[in-house]
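Just below sit the structures, each encoded as structure tokens.
You will see chain A twice below: alongside chain B first, and alongside chain C after that.
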Partner chain A sequence: MEFIYYFGDVFTPMSFLLLLGGTIGGLILGATPGLSPTMAVALLIPFTFQLEAAQGLILLGAAYTSTVAGGAVSAILLKIPGAPANIATTLDGHTMAKKGEGARALQLSFLASAVGGIFGVLLLIFLTPVLAQWALAFGPSHLFWLAILGVTVIGTLDSASVVKGLLSGCIGLWLATIGFDDIMGAQRFIFHPALGGGINIIAALIGLFAIPQVLTMFAKGRHNTGAEVIEVQRHSIMAAFKELFSRTRALSIGTLTGSIIGLIPGVGGQIAGLVAYDQTKKFSSEKEKFGTGHSEGVIAAESANNAMVGPSLVPLLTLSIPGSPTAAVLLGGLLIHGIFPGSDLFDNHPDVAWTFINSMLIGQVLMCIFGLYVAGLAARVAQVPQSVMAAIVLALSVFGAYSVQGSMGDVYVMACLGIGMFFLERFGFSAAPLVLGLILGPIAEANFIQGGMIADATVGKASYFMTGGLNLFLIAVVLASIAYSVWMELRSRRYTTKEEAQA
Partner chain B sequence: MNRSQHVFGSGLVFAVGLWVAWVSYTQQPAEAFLFPRLIATVFVVLAGWTFGKAVMGLSKVGNGVTRTMFVNMLPGLTITLIYVFWAAKTLGFYTATTIAFFTLLSIYDPAPHSEAKTWIKRGIITAVFVAVMYGLFAMLLNVYTPREILF
Partner chain C sequence: MKRLIAGAAMALTGLTGAAMAEEYPERPIMMMVSYGAGGATDFQARIVTMTSGNEDALGMPIAIINKPGAGGRVGWNWFATQADPDGYTLGAYNVPHFIAQSIKGGVEYSTDSFEPIANWGADPAVFVVGADSEFNSMDDVVAYAKENPGKLTVSGAGLFVGHHIAALQIDKAAGTKMAYIPTKGGGAAAMKAVIAGEVMGGINNLSDAFRAKEAGNVKILGVADLERNAFLPDVPTMMEQGLDVDNSSVNFRGVMVPKGTPPEVIEKLAATVPEMFANSRVSKKMEAGGSPMHIMTRDEVIEMWAQRQQTLNELLAGL
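Moving on, here comes the complex of A and B:
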């Protein structure tokens, strides 16, 4: 119950102001199609440099939580999901809005998000310290395999092609080795002076997540969103409360599904929303109403995608393994303040850890309150032409990358990685495993070297890295994640081939 | 998607993989390249596999870049490259941002170019945006950016 002691820290004027700003700003950014939660958090990192670690994380955490919920606004009022996590919300939410029930859909969506989100954060609160203590037993070989596991799980589950996902992870691991070697001081892969200090993670994150979006917006040409905002009629909030709690089946299926999926590294909010929607439909006595503007669809999808947020941070805060691209960006936010996740975070910086986690709990309530008020404004912002959005994101990326170290080299690296990633994505590669490789590369290498030294002095490398219960378990999970993804890929290809043949 | 695009894309990645492997296995001190060697080996195997599949026409994932997409994107990409690699440092961040922002708006804004109102609107949006950026970065965050011309 240590977290209770740090609740007061969330309510200091500066922290609360940041929480409020992050929540309202996140709701508006989340409603904007093309601005994903990961990109929003990456672009916010430069604004946290001058803040204390806890305050910086409060801002990033609030933005993460509320961008996921804010995406429901454009999903419901414009039929454009603000983020992939809101795809399932569109199915019934927009139909409700078209029937003149936009306010009801929004109220249910924010209330369900808050319930799911609070449950998810409570799971984070109670699971994290236990797992962090368990992680103390990990030696260099285990940490090496954990880092590899982080890359392979995201590489295989987050990509359409297993090989390309793993290759993206490899590219990320290689990029992490650029610069001077920590032990020997040798130069590695420095083919341009801008790479002398290695690749700065924050500049890379901005480039990898923001620039491909900018180029995608350019690629659409002189294009108008063409979506019209559906006017929101008044609806009693008490009626929405009553309806939410009368739909306990949808709410509990959504919340539990989201929480469980959140704990699995690499499986995002999009999957959480869709799986919860599908399961709720299966167990519902009103199956036929799904897709026609049924409130259970909105409740299940939104409670799931927000319930996923808290648990998705468990692997990050306990084992230093970011479970999602946004968690990887949050890890970047921690590292710039010299804080490493794991037991160190809870033993040496409990104020930072608990203030951040508590702020996410309070943020859920604020998100629910302000979500209902800013929904109309957020939907108008979502109509901003993509040309303006692209130009804004480009300029923010340049300024953001420069402000990391005051170096033009970081801006060049950001632009090159971003442009390269755009083309790689068009060839089926994915940014998430590349980012994980970049972030986990130094952790993997440090433990590989350290483990190698211990192994040379004791049992030899093969025995040290490949034997022992925990090592074998981690290797098995790495192999299982790859095997599962290969099997799924072959299965879906077989179905596609059959459909093609029938067509 | 065009098979040649897949071959080109995966060929480029394979070439990078070969270069990484060559550097990792030839540079000294060898101890500094132990981990890169491990990565490079997996990199080359996976990139070779991807390239082989592309050559045989078996690459299915990825839609590539269509001609329309490329034509639409080209002006924006060109301005981005000029802005990042030349203008920001040479003209100063705020001057370069003003020019790049206004140019991008003018090219991609779906509003008709023939109306004076459209141009005034674009000018106002640019001025407000650059003022906000100045307020945020120069005044609030105290980020000192290169300022060569004007501001």
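Moving on, here comes the complex of A and C:
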């Protein structure tokens, strides 16, 4: 209960001002395409040089939580996911916005973010020692099976046909091999210097999601702009509250999946949203509504990606190992003040540690209030005429891809992937499985090679990857997931043939 | 087009060379770091350049841009081929990384592509084992490795980085063969593998290992450097433990410019930058972060690069 003792420190004028500034600034940074939470936090580090340790961390903690939530704004309104965490949000969120329900989607996403986020931070407060052991339990073999589990999701994620889902997943896996291989340093498919570092995930996200949309808008031409003025519906905050708590299944699956997966170093943040979305879809009674602007999709994805924030800091705060790129940046923010995460942090600087954690808790609430306030206004973006909108999204896409690492190469990559995806979409392929392949490929590959090297030196590959409780459990889940997909596919096929026969 | 502009710029520099040195720098300077934001190199680069706007330093701020990827290759390739040699584009180097990579090939740079300015830090590689490991000295490690050839798993940040060089040197000195496991995700991932017991030992940066030791997670058995380190006065060097391992694996970090930068600019930078590193605010921040400083002038760095080139040529010849 130590954290309650330090609550007062968050509300000193200076700290609270920083918290407010970090939250609002974080929302704006998060909503800017191309500025991932990691980048946003890195940009703020120099400002903390001048502040005291606790104050600096308040700023960083608030910015971290709110950039993750802010990414939902561009994902919903513009179909540009700000970070891998927001991919799943675009699937239903943007469809809702197109129907004029942008305000509802944004309100639900901020409320779900706050619920998930608060749960995640509470886990961080109460279960840190237990969770630290859990984070360490995942070795190369387990991470490999976890990535394979992700691959089994590819087929069922946002795609009319399992085969097409798997095909686009394969394209993603192939794209992931481009560049210098991270472990051995081998060069693969590098035909242009811009590809040396592989395909940058943020640039790829922008290209795959935003560009096909822009092209479609341009393809419609100017003559029918008047016909498509969307009426933006107002949506009361109370109604959003009621809806959120009537969707307890999506909310709880999202929150739990997010906190569990967020804990695993190196994997968590990127896939938490997608896995939660897929799980919610599997357990939902209204499966067919997913992808058509269904609120459960938004709730699951957003509660998961904010629930991951708290647990993702566990390895950093207890073991001094940054488990995610953002955690690595936060480590820098601590070190600059001479504070070492680990026992030093909690024993010698409890004021810093707990003020930081408390600020994330309060930050979630502030983020939610501010987010709800702007949701109604931001949703009017949908009223902008399509031709103008296309130009704006295109400009933001180029800006976003360039700003990732200040390189035109990423802009070319974005453009090529975007144009390719435009044609793939014509044939019924969708971007989400492709992106999942792009994210999971390197995780599976690196852990297989690394695990294989350890195995060859010790017990051999077969027993390294196939024995041990956690390995067997993960393999069982993989098999169950495949079996479930096959069964669903067979069942839906029987229904369609019946319908076709009747017709 | 680019070449034309470069040519024109060169001609202008020739005309106004002396005047330019007077005025340089007249606008903010950019420094490329070939590792991601939050990594040790990025973190230290931001600290050592924070006083560059002072009147007694360069008088202009230095902005860091990150070009991460492929263990630094992406950034250094860019720096060697596309960065403008006008003194407004600096780069951070990591030795032995870029030298080892250029020897292994597949990249567009070598020591001849860059002009060193000054060195700011030296982070030696250390041998770490988990806090509950049965190994208590390098002797124990070597004895185990001799009894079980190829079975001692040792993690490190990647192939042909300082950690790998240290592992190769230990193997060469002791006549052993350890199983070196390169991890993806740099020193942090390699350290996690040690703490979680996925590998039996690891080679890691002194700064990161020092933090992990403070947190009670690891034991540090030896430092791969010529002298003991101020952060770890109780940990003996490899040489003290009878292993002929010199400082070839020490991760030197410093500032360089692309070949072709006007000599007046290099002179000005070489004179000012070491002073800037010596600023007391910089050293205080660096010490607080557990990052060992080691300031070297341009001439000393040129000599150090040449030495490394030679040692690494020999060490990597057999691989």
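Note that in this section the second predicted complex is superposed on the first by the 267 of 503 C-alpha atoms of A that agree within 3 Å, B and C clash if a C-alpha of one lies under 4 Å from a C-alpha of the other, contacts with A are read in each partner's own complex, and residues count from 1 in each chain.
One rule holds for everything that comes next: a residue touches a chain if its C-beta (ideal position, glycine included) is under 8 Å from a C-beta of that chain, and two chains touch if they have at least 3 such contacts.
Computed from a predicted model, the values in this text were never measured in an experiment.
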Check: When the two structures are overlaid on chain A, which partner does A:Leu59 contact: first (chain B), second (chain C), both, or neither?
Finding: neither
Next item on the list: In the overlay, answer first, second, both or neither for which of chain B and chain C A:Ile148 touches.
Entry: neither
Next item on the list: Give one of first, second, both or neither to describe whether A:Val411 is in contact with chain B, with chain C, with both, or with none.
Entry: first
Notebook entry, point to check: Counting only touches as set out at the top, which of chain B and chain C does A:Ile183 meet: first, second, both, neither?
Noted result: both
Next item on the list: Determine, under the contact definition given at the top, whether A:Ser403 touches first (chain B), second (chain C), both, or neither.
Entry: first
Note to self: Quick check for you: in the superposed arrangement, does A:Leu319 touch first (chain B), second (chain C), both or neither?
What the structure shows: second
Next item on the list: Mind working out whether A:Leu335 is in touch with chain B, chain C, both or neither, as first, second, both or neither?
Entry: second
Next item on the list: Please indicate which partner A:Gln386 is in contact with in the superposed arrangement: first for chain B, second for chain C, both, or neither.
Entry: first
Notebook entry, point to check: Between chain B (first) and chain C (second), which, if any, makes contact with A:Met453: first, second, both or neither?
Noted result: second
Item checked: Common ground on chain A, meaning residues reached by chain C in one complex and by chain B in the other -> 46, 49, 183-184, 406
Check: In their complex, what parts of chain A are in touch with chain B?
Finding: 46-47, 49-50, 160-161, 163-164, 166-167, 170-171, 173-174, 177, 181, 183-184, 186, 188-189, 211, 214-215, 217-224, 385-388, 390-392, 394-396, 398-399, 402-403, 406, 408, 411-412, 415, 419, 423-429, 444-445, 448-449, 452, 493
Check: Which positions of chain C touch chain A when the two form their complex?
Finding: 36-39, 42-43, 46-47, 50, 65-71, 73-74, 77-78, 81-82, 101, 104, 106, 150-153, 158-160, 179, 181-185, 188-189, 191-193, 195-196, 198-199, 211-212, 214-217, 285, 287-291
Next item on the list: Give every residue of chain B touching chain A within the complex, in rising order.
Entry: 5-6, 9-10, 13, 16-17, 20, 23, 27-29, 31-36, 38-40, 42-43, 46-47, 49-50, 53, 59-65, 68-70, 72-73, 75-77, 80-81, 83-85, 88-89, 93, 97, 100-101, 104-105, 107-111, 125, 129, 133, 136-137, 141-146
Notebook entry, point to check: Which residues, counting only chain A, touch chain C once they are in their complex?
Noted result: 38-39, 42, 45-46, 49, 136-137, 139-140, 179-180, 182-185, 187, 193, 196-198, 265-266, 315, 319-322, 325-326, 328-332, 335-338, 340-344, 405-407, 442, 446, 450, 453-454, 456-458
